[in-house]
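Order as written gives the chain letters A, B, C and D; numbering starts at 1 within each chain.
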Amino acid sequence: MPTILLFASAREAAGRAADMIPGSTLGEVLDEARLRFGGEFARVLAASRVWINGEMLHGDVDGIPCRAGDEIAVLPPISGG
Amino acid sequence: MPTILLFASAREAAGRAADMIPGSTLGEVLDEARLRFGGEFARVLAASRVWINGEMLHGDVDGIPCRAGDEIAVLPPISGG
Amino acid sequence: MSGQPSSPTYLVDDNLVGLTRDRIPISEMIEWAVTPACGAVVTFTGTVRDHSNDRVGVVEIDYEAFDRHVEARLSQIAAGARDRWPSLGRVALLHRIGRVPLGEASVLVVVSAPHREEAFTAGRFCIDLVKECVPVWKRESGTDGTSGWVSDGNPIEDVATAARRWHPVGEPERSVR
Amino acid sequence: MSGQPSSPTYLVDDNLVGLTRDRIPISEMIEWAVTPACGAVVTFTGTVRDHSNDRVGVVEIDYEAFDRHVEARLSQIAAGARDRWPSLGRVALLHRIGRVPLGEASVLVVVSAPHREEAFTAGRFCIDLVKECVPVWKRESGTDGTSGWVSDGNPIEDVATAARRWHPVGEPERSVR
């Protein structure tokens, strides 16, 4: 089952820093995350970057396949320094 | 009698850091300095700025009057820092 | 690296990057950056400020990071600067995380070069990219007892993309290749 | 001032200029420059380099100054920077004279500002003007035992003139007012 890692406002909205979430595509995992973590999390997610295994994703990413052991990171906007 | 202050390569060419040089205009003082200190000094002077009492001079300066107590400084090019 | 974010790590001889929970050793880094061939050292320290777009009366910022990606990103930025300005001597990029009180440094860039032109330009490049590309978030705490995540950030960017887009201040922006 | 060129002198609260024969206190100056309103500190250190246009194998530079005009000029430069970038926090400008060995700093600029943009630009302005306007000369000594005045300098310029002519790197040069 993929692991989701949550940072900063995404972590706070979800009430946890990490979770195991089922899904065979990124879209399924993120849908389930929105269900579990609620509307505030969904709002943060909409403004965030998503990385899989440290790689940034671009464009329409919902169809990307996910496997057990994949690490999906939700990174809210940064203001740096 | 005006005082002339010499720095860096001007000081080295003249063999001294300061001198008293007679003259009622800057042109007279600098002519006398060239005579006293020789050709190498004259070459350095040609590339230098001349300040009177801490003020930079511009343009044709030979006619500027000099008084006893005036401080004429010869400042070779700087390379800074 | 990510397991011990407590002291700077030498990654390449002339690039030094690190994530630390302690005070950033500013003068040590400047000393380290000096080499015989380099007459110019430019240093940028980003310090915790008493105000932001969100808040006045900031007394502390708590920096949270995706730890194990910070040094890799800093290292890419240092390498990107060296690609662009091959004359650079040394490049040090350090980020502090955890709670940083008002006035202390959270980020440090030190760049040395033979001449000041490239030291200034490369220093600016490095801090601009640190602020665009390194997964670090700021939670500000105020004198009023409240705190919150800084809300005016931008989506985190890849180093390669940000480097292509970066241009010296004053120069017209080039299109992204 | 000119009688005691041994320690930095406070001239105005938020500007600090000085002529010194000792090592330049870099980290103290950076600490001094940090204020609660300023999140960005840019530091330039000019260090003695092993080569110049004239010479390789430089081991030391002996700096000679028209002592009693150095601090006044540094002060004019700091004031000029503050006129141009009113948001600046603190500005420190120090010059060392006498014999400075390879790798040690001969000149220091530290500028703090709320944001990095003006800190970088003002820092560059300050060091450019120091190199154009401050009556200091360099005599380089080499490994071969010879020494000589650095010959590739420019005529010393007034601060007001140099400030008007100065423009950020990359911007087209403006005509002198």
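Just so it is clear, contacts are C-beta pairs under 8 Å (C-beta built on N, C-alpha and C of every residue); 3 or more make two chains touch, one makes a residue touch a chain.
The structure displayed is predicted, hence computed values, not measured ones.
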| field | Chains in simultaneous contact with chain B and chain C | value | D
| said: Need the CA-centroid distance for the pair chain A / chain C, whole Å please. | reply: 26
| said: Can you work out the whole-Å distance between the CA centroids of chain A and chain D? | reply: 50
| said: Multi-chain contacts only, two chains or more: what residues does chain A have there? | reply: 81
| task | Specify, in ascending order, the residues of chain D that touch 2 or more different other chains. | result | 39, 46, 127
| All chain pairs that touch each other | A-C, B-D, C-D
| message | Taking the touch rule as given, give the residues of chain B at its contact with chain D in the complex, in rising order. | response | 5, 7-9, 11-12, 47-49, 54, 56, 73, 75-81
| note | chain C contacts chain D in the complex at 26-27, 30, 34-51, 102-103, 114, 116-117, 119-121, 123-124, 127, 168-171
| Complex contacts: residues of chain C adjacent to chain A | 46, 64, 66, 69, 106-107, 127, 130-132, 134-139, 149-150, 152-156, 158
